[in-house]
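Take a look at the structure set out below.
Lettered A, B, C and D in written order, each chain numbered from 1.
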Amino acid sequence: MSCVADVPATRSAAGASAAQVFAEGSPRVIIAGATGFAGALAAHLLWRHPRFELVAVTGRSEVGRRLDDLYPRYRVPLQLSELELDSDGQLDAAVVAYPHAAAAPAVGELRDRGARVVDLSADFRLSSLQTYEQWYGKHPRPDLLADAVYGLTELHRDQIAGAGIVANPGCYPTASLLGLAPLARAGLIADVVIDAKQGISGAGRAFDETTHQSMAGETILPYKVAEHRHTPEIEEQLAPLRAQGGATDEVAVLFQAHLVPLDQGELADCYVTTTRRVDDAELAELFLAAYEHEPFVEVVGSPPGTREVQGTNFCRVFAKADPHSGKVVVLSAIDNLWKGTSSQAVQNLNVMFGLPETEGLT
Amino acid sequence: MSCVADVPATRSAAGASAAQVFAEGSPRVIIAGATGFAGALAAHLLWRHPRFELVAVTGRSEVGRRLDDLYPRYRVPLQLSELELDSDGQLDAAVVAYPHAAAAPAVGELRDRGARVVDLSADFRLSSLQTYEQWYGKHPRPDLLADAVYGLTELHRDQIAGAGIVANPGCYPTASLLGLAPLARAGLIADVVIDAKQGISGAGRAFDETTHQSMAGETILPYKVAEHRHTPEIEEQLAPLRAQGGATDEVAVLFQAHLVPLDQGELADCYVTTTRRVDDAELAELFLAAYEHEPFVEVVGSPPGTREVQGTNFCRVFAKADPHSGKVVVLSAIDNLWKGTSSQAVQNLNVMFGLPETEGLT
Amino acid sequence: MSCVADVPATRSAAGASAAQVFAEGSPRVIIAGATGFAGALAAHLLWRHPRFELVAVTGRSEVGRRLDDLYPRYRVPLQLSELELDSDGQLDAAVVAYPHAAAAPAVGELRDRGARVVDLSADFRLSSLQTYEQWYGKHPRPDLLADAVYGLTELHRDQIAGAGIVANPGCYPTASLLGLAPLARAGLIADVVIDAKQGISGAGRAFDETTHQSMAGETILPYKVAEHRHTPEIEEQLAPLRAQGGATDEVAVLFQAHLVPLDQGELADCYVTTTRRVDDAELAELFLAAYEHEPFVEVVGSPPGTREVQGTNFCRVFAKADPHSGKVVVLSAIDNLWKGTSSQAVQNLNVMFGLPETEGLT
Amino acid sequence: MSCVADVPATRSAAGASAAQVFAEGSPRVIIAGATGFAGALAAHLLWRHPRFELVAVTGRSEVGRRLDDLYPRYRVPLQLSELELDSDGQLDAAVVAYPHAAAAPAVGELRDRGARVVDLSADFRLSSLQTYEQWYGKHPRPDLLADAVYGLTELHRDQIAGAGIVANPGCYPTASLLGLAPLARAGLIADVVIDAKQGISGAGRAFDETTHQSMAGETILPYKVAEHRHTPEIEEQLAPLRAQGGATDEVAVLFQAHLVPLDQGELADCYVTTTRRVDDAELAELFLAAYEHEPFVEVVGSPPGTREVQGTNFCRVFAKADPHSGKVVVLSAIDNLWKGTSSQAVQNLNVMFGLPETEGLT
């Protein structure tokens, strides 16, 4: 980046205010890293979005190829380019879809260039640098951590509105936390086991034994037993919610992930040992109170199949008490690529730019 | 049954002894209820079995149709007939694949006729009549309960050898109990949550919304939350194993089932709160000690995908301690139609007739 | 229908003119038969359509159930009702999704009630009564045949605009005819074999051996060999196109259908023996000339996978000469439920009501 | 190969006679190239074969890894090694599963070493060097072509029995030729179009966009339009069969391939323009006469789904006249990895070593 002086001095920490931006026309957005599943879907959603202007899609491996050639179904007629940040054009926002460690430096450059960023990687999800480095290795830009807000829209809407960097959550934490938040806030979680399953798209555009149809088909594949990186992310988010509920202790989450042979869909089964007995009536009340005004969270009365939310930004949550074991079961279903990743990024962009949260998503 | 006098008086309670039977040639077996997935696969396995003679396949709904027309891939060239028990021919064994409540009367008649029976229904799985009637309704033949042995071969091999009625376990209890038995016997289970997933064949030959490819495909479907009938079956079997390990209390199992879009395959994830801390070394020792001589249980060193055991009688078990939460995760993978149902029935028949346990199964 | 006098006398044969209708607000539409896949998707598309008002969804088997309970992913919050045509409310249009023979009487009643109808059944697809009765049996309302227009939008747009009854094409004829029309009009088709494949949704909401995931999965299933009812439909439409190209003979089409294990998608491979040698350059020119202004037909430069058009109203066509055999191969890919059925119905409604053809479809 | 003098002088051109070999124990076989799907399945079949001894499996990319680690379901407990041909041990046969051009040199070395070889590549399928080089490029060992026999067992059984090199057919030619042979021999084929579909395993262990579950799932993918290399293979085999039927002309086959989302299964639809009208009775007679004594070809009375033959060496053939178009449709279903590749290799080995043809295959 040759020219950070280009960034107008009047911009706030978060970049231009939304009012300023719209006075100048639609906010201009780029996708950095549009060759993977997450970036490509974000491009699709922003291309058809009525209020954002998608001005560029970048990708290191397929430069020059059109995105609608790489992903015909997404119909985005833009050519993949390299990330060039010293152009003269205005840049209001960016979605960064790089692997962790590669993302943070790009986020930094985009911030310098004045863009507000939704980062899909893990680089800014954990507020504790120590926890990050324990699970992911050295952090390339720890100086930026303080500017980042965790982007689970339903939990942090207010901070997201003014944030310069929004750390889009992992798909598993999204489903898990939406399922657990009402219980946590009510001080009901004494212990929790999460068993999550998702479709093969969750493995991304990796070409290997976990994604080959003759290997990934006709199987149920557990992975990363007792060592999944989403564990600390869930715990770090759960802690303040539990504290709101009066908890003074910590809960060590046991999280287990699986791949199952479908494309898009994710279910998190949360098995909660409660601090006291609860029944279905109390659960219904708690969950409805938490979500009745949420546009994208639906409390349902029967166990949700992931197909019900495929290709949408919805999360369907079902909670039930098991009088036999005394535990509570919460089932939370999302589309791992949509609410779990790319459509939640757009939901966050809507919030960041003062648009209706559902714009371009229904 | 007009003619129980046909049954030779010299037969033991379990029917003819194996030695007697083989002296007269291969044991003659029928499948009662061969139109469903379980009965059809049992027919396939017994038709190609080197030591049994499959003499009839019955089915109420498709009488007159050949089984290899209904199930081309199983290649059993027998015509489906009605169950006729007063024929003069010798009948040494039967596999009954009827729904619960319909099975018990048929089992009774077959016993009267001198056959040793493997029953695939739930009718004889629970030794407690009270528990049965709480979950399944009135039992049609409680008088026969005392003659039945629970047919999880690895746990009850000795009793199965002499049994007149073997109650073939449910597929979920098969996977779960093989995963939990070593921990139970070591007195290590303080609490357990089981999250199980299986392919669509687990729903049987039912034609409805849970099996239609356009509804069952591309989804993960949780069902029977906090009310699955396999819960008491697992608990009843777990109790004596835990008692062996010195436990004096009871454990209330939380069991949750799911359908995922594949044909055959089942994984049970068992999340165990242990009575004391254990590490991977101790787990390895425990599981190897339990299964090193078992022909069909494999203790593996990485998380097993169900594809590894598809179309086989094998169960693959993987156990890992999670130092973070203090719990133990046991993953147990089977083919729900094979080890979970029909090939375990054949394994039991082998044991009942004094054959090598692996005969016809490898 | 007690009360045909309700129908305003001033309405044209096709019912109210579009201008009239919009003066009174959005056209009011019902779906008759919304429990099946086709009707449900039509309901979804019309519910979210910016210019039509979906006022009722009917279904004989699920009356009282909400459509978003039956099809959660379609999110149409209407309750299924019985078809009641003597209500006082205005009714401008209807989509009828009944089986053949059941559809025609309902279409007649809806016409009497003043509605313009898109019929998804075969009842009005064949203009020859004789051909209809040879393939489908007695026609319940032959008197209405003269009012019906064949609803392949790209071929009959002008007549559709003023039609009272639009016979929505079969999915196979849609793909096949869009692939063959340019060749037919150029007088190039001497003979044609069509090999078509589609996903399981093509079998509809039938619960049987062709749709059960454990039977329909992992197979390729040919059906109706040399006897598919779409054959005469394709031939009847092909004849005038060939006549435009100067053909004076008839072509007997050989059409073969298959089910393959996916949900939505259809490919028609058309193998054309040409009346003279053609090369790729001439094919490119022909197909581009035919479709360059069509909003929903895309001539592509590489063989199209059906995934490229899944969930859209697009048809992708690819044509290639085979110098070795002298034949021409045309591949035509659609989503069988969208362009093959329900979105084409909406495309037709757009044309019938003078709306932009793409309204509500992109 | 340092040491061709090791090869016993007394061996015939085809290597040791079968009688000689069995006098010395089971024939010793290796698989060269067992990391791919074809080689791995051949290893599985030969490992469990009662009459062959599988002594080594080789693979350039996974040396040292156990085959049952790479392919758990095949349960072959051998370690992958490099191909070492100068060992002292006896080597009676080899299956070579290398890509074309890489295969021929290995086949040559194995022949020098005294082994009889089944080659799964295309290197010896075409007897015409000119045709080979037109489609595949330069042939590395044209000197060996004269020793090779085309290994479609049902057509060339006698020559296979004495052959040194058996060129295992492509999977598409296997299905197509078994479907067409009876018509060809009867002089009935004037013209033919073949539309073939197979599961993703047909793409092999390639990790790319054609095999990734999120791309290969939910699609029907045509490929290699008017340029598939199996075209000349089918034509070269069809020519002598047609000549037997009196044909003096040549037929240019139009062959089209597709990938559909299943694992193993293949269907070839053959659309035959006949030299004269034939009806179903004549077809039935022709096909039964051709195949009634064949152990692995089944003439069936209804359209075969590929699931019926999955995991078997069977081919199911169905023929039907279409009086409307005057053509004949032949449907031929196989498992592309079994009869289409690896189990046919074993069938050929059985023939080569004088064993019952079905040995180890049922």
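To be clear about the criterion, a residue touches a chain if its C-beta (ideal position, glycine included) is under 8 Å from a C-beta of that chain, and two chains touch if they have at least 3 such contacts.
Source: prediction; values computed, not measured.
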Maximum centroid distance from subunit A, chain identifier (CA atoms): D
B-D against A-D, pair bridged by the larger set of C-beta contacts: A-D
Distance from the mean Cα position of subunit D to that of subunit A, given in whole angstrom: 49
Centre-to-centre distance between subunit D and subunit C (centres being mean Cα positions), rounded to whole Å: 42
Whole-Å gap separating subunit B and subunit D, where each centre is the average of the chain's CA atoms: 39
Residues of subunit C touching at least two other chains: 199, 217-218, 261-264, 304-305, 307-308, 310
Subunit C partner contacts - residues on subunit B that touch it in the complex: 37, 199-201, 205, 207-209, 211-214, 216-218, 261-264
Residues of subunit A touching subunit C in the complex: 72-73, 218, 304-305, 307-312
Subunit C residues within the subunit D interface of the complex: 193, 195, 197, 199, 215, 217-223, 225-226, 231, 252-254, 256, 258, 260-267, 269, 271, 303-308, 310, 318, 320-327, 329, 331, 333
